[in-house]
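In the part that follows, the structures are each spelled out as structure tokens.
You will see two complexes here that share chain A, one where it goes with chain B and one where it goes with chain C.
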Partner chain A sequence: MPAIVVALAVFVAFFLGYRYYSKYLAERVYALDKDFVTPAREFEDGVDYVPTNKHILFGHHFTSVAGAAPIVGPAIAVFWGWLPALLWVTLGTIFASGAHDFGSIVVSARHRAQNMGTLTQSIINPRSRTLFLVIIFFLLTLVNAVFSIVIGTLFINNPGAVIPSAAVIPIAIVLGQVFYRLRMGIVVPTTIALVLLYAMIPVGQAFPVTVDPIANALGTDPLVVWVLLIFTYIWFAARLPVWVLLQPRDYINSYQLFVALGVIFLGVAVGFNTIEAPAIRTDLPEGSPFWFPFLFITIACGAISGFHSLVSSGTTSKQLANETDARYIGYMGSLGEGSLALASILACTAGLGAAAVWQENYADFATASAGGVGYFVEGVSTFVGNLGIPAGIGAIFISVVIITFAGTSLDTSVRLQRYVIQEIGQIIRVRLLARNLTLAATLAVLISIGLTLFPGGEVGEFAFGRLWRLFGTTNQLTAGLALTVIALWVFMRGRNPLAPIVPLVFLLTMTTWALFIQLGEFWQDDRLLFVIDAIIFVLALWLIVEAIAAFNRVRRQRRGEQAPAEER
Partner chain B sequence: MRRWVELYRKLEEFNDEFMVSRWRSGLQREATQQQDALMAMLFLEALGVPNPTSYYSLELYPEFAEEFHRWHRRMGMNRFPESGFCC
Partner chain C sequence: MEHRVLLVREWDQQMSGSGCCGRLGGVNHELGEESTYAHNRSEMERMGEVYRALKAELFDEDVEFAVVDPRNAIWLVPNILRDAVRRGLPAREILRSVRDGVSQGAIIVDGRVLFSGRIPKPEEAVAAVRSELGVA
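For the complex of A and B:
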């Protein structure tokens, strides 16, 4: 089937989702009120609470929620054929992610723009905040582990991407200096920065960089060397002031994302490539995980991701000028991420050429997991080739996009993890941990390195697929927590909570089921991952208990309120 | 021509806001932390803590007098006890 037909069908479904389902959510479930004074207006202080143009806020929300994850998950999940992945991405985006992201913004805006941690405490119960912190701790550690492997793998597969990816750092630093020190408008510097960045791609191709000599000298895998180098860089980068590197790099990344999406779908439209992979794979190799329930944790970002609730409630809700903007920003942001996941599915099924190549690439789940990102790069380079750009340049271009995205995610994640570790330090009353930011950052990096290097024995091979699935489970549990908050909030107001409850029940069932199956798998040959899986499994059960208890409490409260009314 | 200039200005405003808005509170927090460290270095002597650098930083006091009030309030001291300097 031609990739463009599939792309058009999904875009039509997204359009209908926005036109009808988000309207239903806005009017009947979240009951948006155009006269509601949002926190951005009520507490406007020019710093935290600033009413912001909805298009700017959408740009921020979208680029914050979209990263490397909606690319990696679908690139692995097409192992089960393109149809299950495509259906989960399309339906998940429309019915789960849309309701989750949109709802997180609304509930937060209705509670003085509180973040999700505080909302769990006030809407579910105080105990849930500890649950939230522990889930977030695992989520961030796994983000660090999987993204460091993704970056290292891309550097090894595309050594030409090393120089352009490294060049982003000085380019971003200079851009920040120009903006803040010279107080210049940023249109011209941005254009120069992007031109410079893309000019570095042929330079990178001419001068590929590898760490093989270092790895050989140390007697280790090149991926281990890259992982250690990446974490050393992240440790230093996380200590820099935000404006020096993180902010301008994130800003450049936003433009890179829009350019990449445009180039990919233009290439799909022009090239008319056909999908060569099977719709549903019937010849699964022995010992492979079955798509039900593993598809739903392999693709988290791109269908539904709890990480979005952190962005929606922490930042976006504080800048929401009108409550009715939440529909455009939250729901459209989900559709944007779904589009990125769609691009990944098409690249890995239509961009790799003949069916035999696909069969070889996706021979077994371990190969698919280790190579997924590489196949996406290869597929996109085919699409970019349709526009007359050489495949080698296209491969480096898209590798740089993924690397810079994963790099920014890592940087943000380590920064966040410092605060989580400090907060845990406060709870367990270890003052040194609670007060010393350097110690917290060092611990965050060391724990992440440990989780990257130790499981499975072989980095980037089998361990990556397992770590990715664990990352998916923590992401889905975070989404479960946010959906519980949203559903309870809707239920308390006497409205129909099915829109958040259906994805909540589905996610918790799939995640708990997958965690349970993995317990048996990990027990055989990976005790470290077994322990982590067991802890996350307990967290999932804890979340289910808290959710049921909270719903029962609200139901009793509602009955109590209704009874006197009926008596009257 | 004027229309193009106007359009360019709007694009620049949009872009500047796009660069800043997501990071505004984080940047402000970092700037406040740096400012607090600087204020502590400058005014420790005024709070009764011996500070070997105060002699050299004395001439900066007038520059920071206004900020001093905001700083001691931020640090939890609603009124500065020393008369004639602040509050």
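For the complex of A and C:
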């Protein structure tokens, strides 16, 4: 099957989803009101609350939700064949992510643009705020673990990417000085930065960097060395003011996002590569996780991501000029994320060459998990090759894109994690922890290193596939929490809440089912992950109990309201 | 709207291309993030004063106001170009508008950049925008 045909079919489905399903959500479920005074209008101050043109706000929203995660999940999930992954990405985006992202903006806008943490407290109950913080704690720790392995693996697979990826740091620091100190324009310096960055690609190719000698001297795996180096860098980076490195790197990222998306789909359109992977894999190796339910937690971002509810409710809702704009911004943002996941599926099934190569790469789940990102890079380099760019250069280019995205995720995540640790320090009254940022940052990094290196039995065995599945479950639980908030709000307004309830029930069923199966799996050979899986399983049950209790409460309230009306 | 005024400044926690898996959304005061984005807050507040002054002074004019993050280049660049071309600015000035307009603290009126790199005082901004629009 030609990749371009699949891509077009998905884009047609996305178009129909936007045209019809989002219209249904807007009119029948969320009942958008063009006359509703949004927080941006009610509290308009030109600072936090600014009514913003929907096309501008879409740009803000989409660049905030797009990242590396929708690439990694599908790159692993095609292990079960391309069709299940494609169907979940397409249907998940249209029916789950669309309702979730769009609904999060609307509910937040209807509650003075409160963020999701506060909404869980006010709509479900105050206890849910604690549940939210605990889920976020595990989510951030797992983000740190999986993305450090992603970066390390890319460095090992593409040693040519080390120099350009490292070059991003001084380039971004210079950009920061240019933007924030010299107050110069952004287009020319960012373009020069991108040119400089891409000029480093052939340099990186000519001078590949490996840590093998260090690893050999220490008697350990090169990935262990990379993980330790990455976290050492992150520890320092997270202590810098955000304007020095993190924010200027955003400029490079925002340009790279569109360059990468453009190059991939142009390459697919020009090359007519055919999908060589099986549609549905029937020869699963013994002991492999079955696609039902594991597909639905392996692909989180790209089909539905709880993180989007945090972006939608915290920032986007404060800029919403008209309530009806939420449909375009939220739903289209989901479709953009789904397009990234689609690119990943195509790269890993049509970009790897002959079917035998695919079979070798996806021999078993552990190989597929460990190599997924590498296969995406390989596939994209094939698409980039269709445009006349040498495959080696293409591979380093896309590696650098993923590494800069993942690096920014890590930097932000460790920053947030240290605040969460300080908050916990306050709750348990350990003043040193609550007040000392260095200690909190060190603890955040050490916890993340522990979770990265220790699973698998011995230090450095790396259980990436397992960690990724746990990351998926926590992300889905966050989405579940947001969908509960959305469904309750819809129900309270007397509307039919099936549109958010169906994905909510589906996600919670798949998540708890997968977590339950994993309990047995991890008990055999990985007690650390068993404990974490057990905690997340309890969190999932807690969420289910809270959701059922909240729905019952609202149902009683509605009956109570209806009864006196009938008596009259 | 007949005219468009663009105010360019960063949002405190607007992230690009990777924010997905490392954001809580909005500045979380209870988690101490406020100080992290102090530099952004100061610019946001100063541009906010300009925004409020412009809206108050030009409320009866046919003007659309928009606050845009400079990282949102995919919207900003084509729209500066569109406004400048529609206004009939010469090619060199159009390029200059794009160069200076995608900048911290830029104020752009119908494709022409009035301020770039520094946020003016509200009265200074109002006077410049009035003059550019030909409003007494």
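FYI, the second predicted complex is superposed on the first by the 553 of 568 C-alpha atoms of A that agree within 3 Å, B and C clash if a C-alpha of one lies under 4 Å from a C-alpha of the other, contacts with A are read in each partner's own complex, and residues count from 1 in each chain.
Everything below uses one rule, namely that a contact is a pair of C-beta atoms (placed from the backbone, for glycine too) under 8 Å apart; a residue touches a chain by one contact, two chains touch by 3 or more.
None of these values were measured; they are calculated from a predicted model.
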item: Contacts of A:Trp243 with chain B and chain C, given as first, second, both or neither; value: both
item: Which of chain B and chain C A:Ala354 touches, first, second, both or neither; value: neither
item: First, second, both or neither for A:Thr404, with chain B first and chain C second; value: second
item: First (chain B), second (chain C), both or neither touched by A:Ile186; value: both
item: First, second, both or neither for A:Ala68, with chain B first and chain C second; value: second
item: Partner chain in contact with A:Leu310 - chain B first, chain C second, else both or neither; value: second
item: Residue contacts on chain A - larger count, chain B or chain C; value: C
item: First, second, both or neither for A:Gly117, with chain B first and chain C second; value: second
item: A:Leu416 touches, of chain B and chain C: first, second, both or neither?; value: second
item: Chain B and chain C footprints on chain A, overlapping residues; value: 46-48, 50, 52-53, 55-56, 59-60, 64, 179, 185-187, 190, 241-243, 247, 250-251, 254, 315, 318
item: Residue ranges of chain C in contact with chain A within the complex; value: 7, 10-11, 13-26, 28, 30-33, 36-37, 39-40, 44-45, 47-52, 55, 64, 66-77, 98-106, 116-118
item: In the complex, chain A residues that touch chain B; value: 46-48, 50, 52-53, 55-57, 59-60, 64, 179, 185-187, 190, 241-243, 246-248, 250-251, 254, 315, 318-319
item: Interfacial residue positions of chain A with respect to chain C in the complex; value: 45-48, 50, 52-53, 55-56, 58-60, 63-70, 115-117, 136, 140, 143, 147, 179-180, 182-188, 190, 241-243, 247, 250-251, 253-258, 301, 305, 307-315, 318, 337, 404-413, 415-416, 419-420, 422-423, 475
item: Contact set on chain B toward chain A in their complex; value: 8, 11-12, 14-19, 21-28, 30
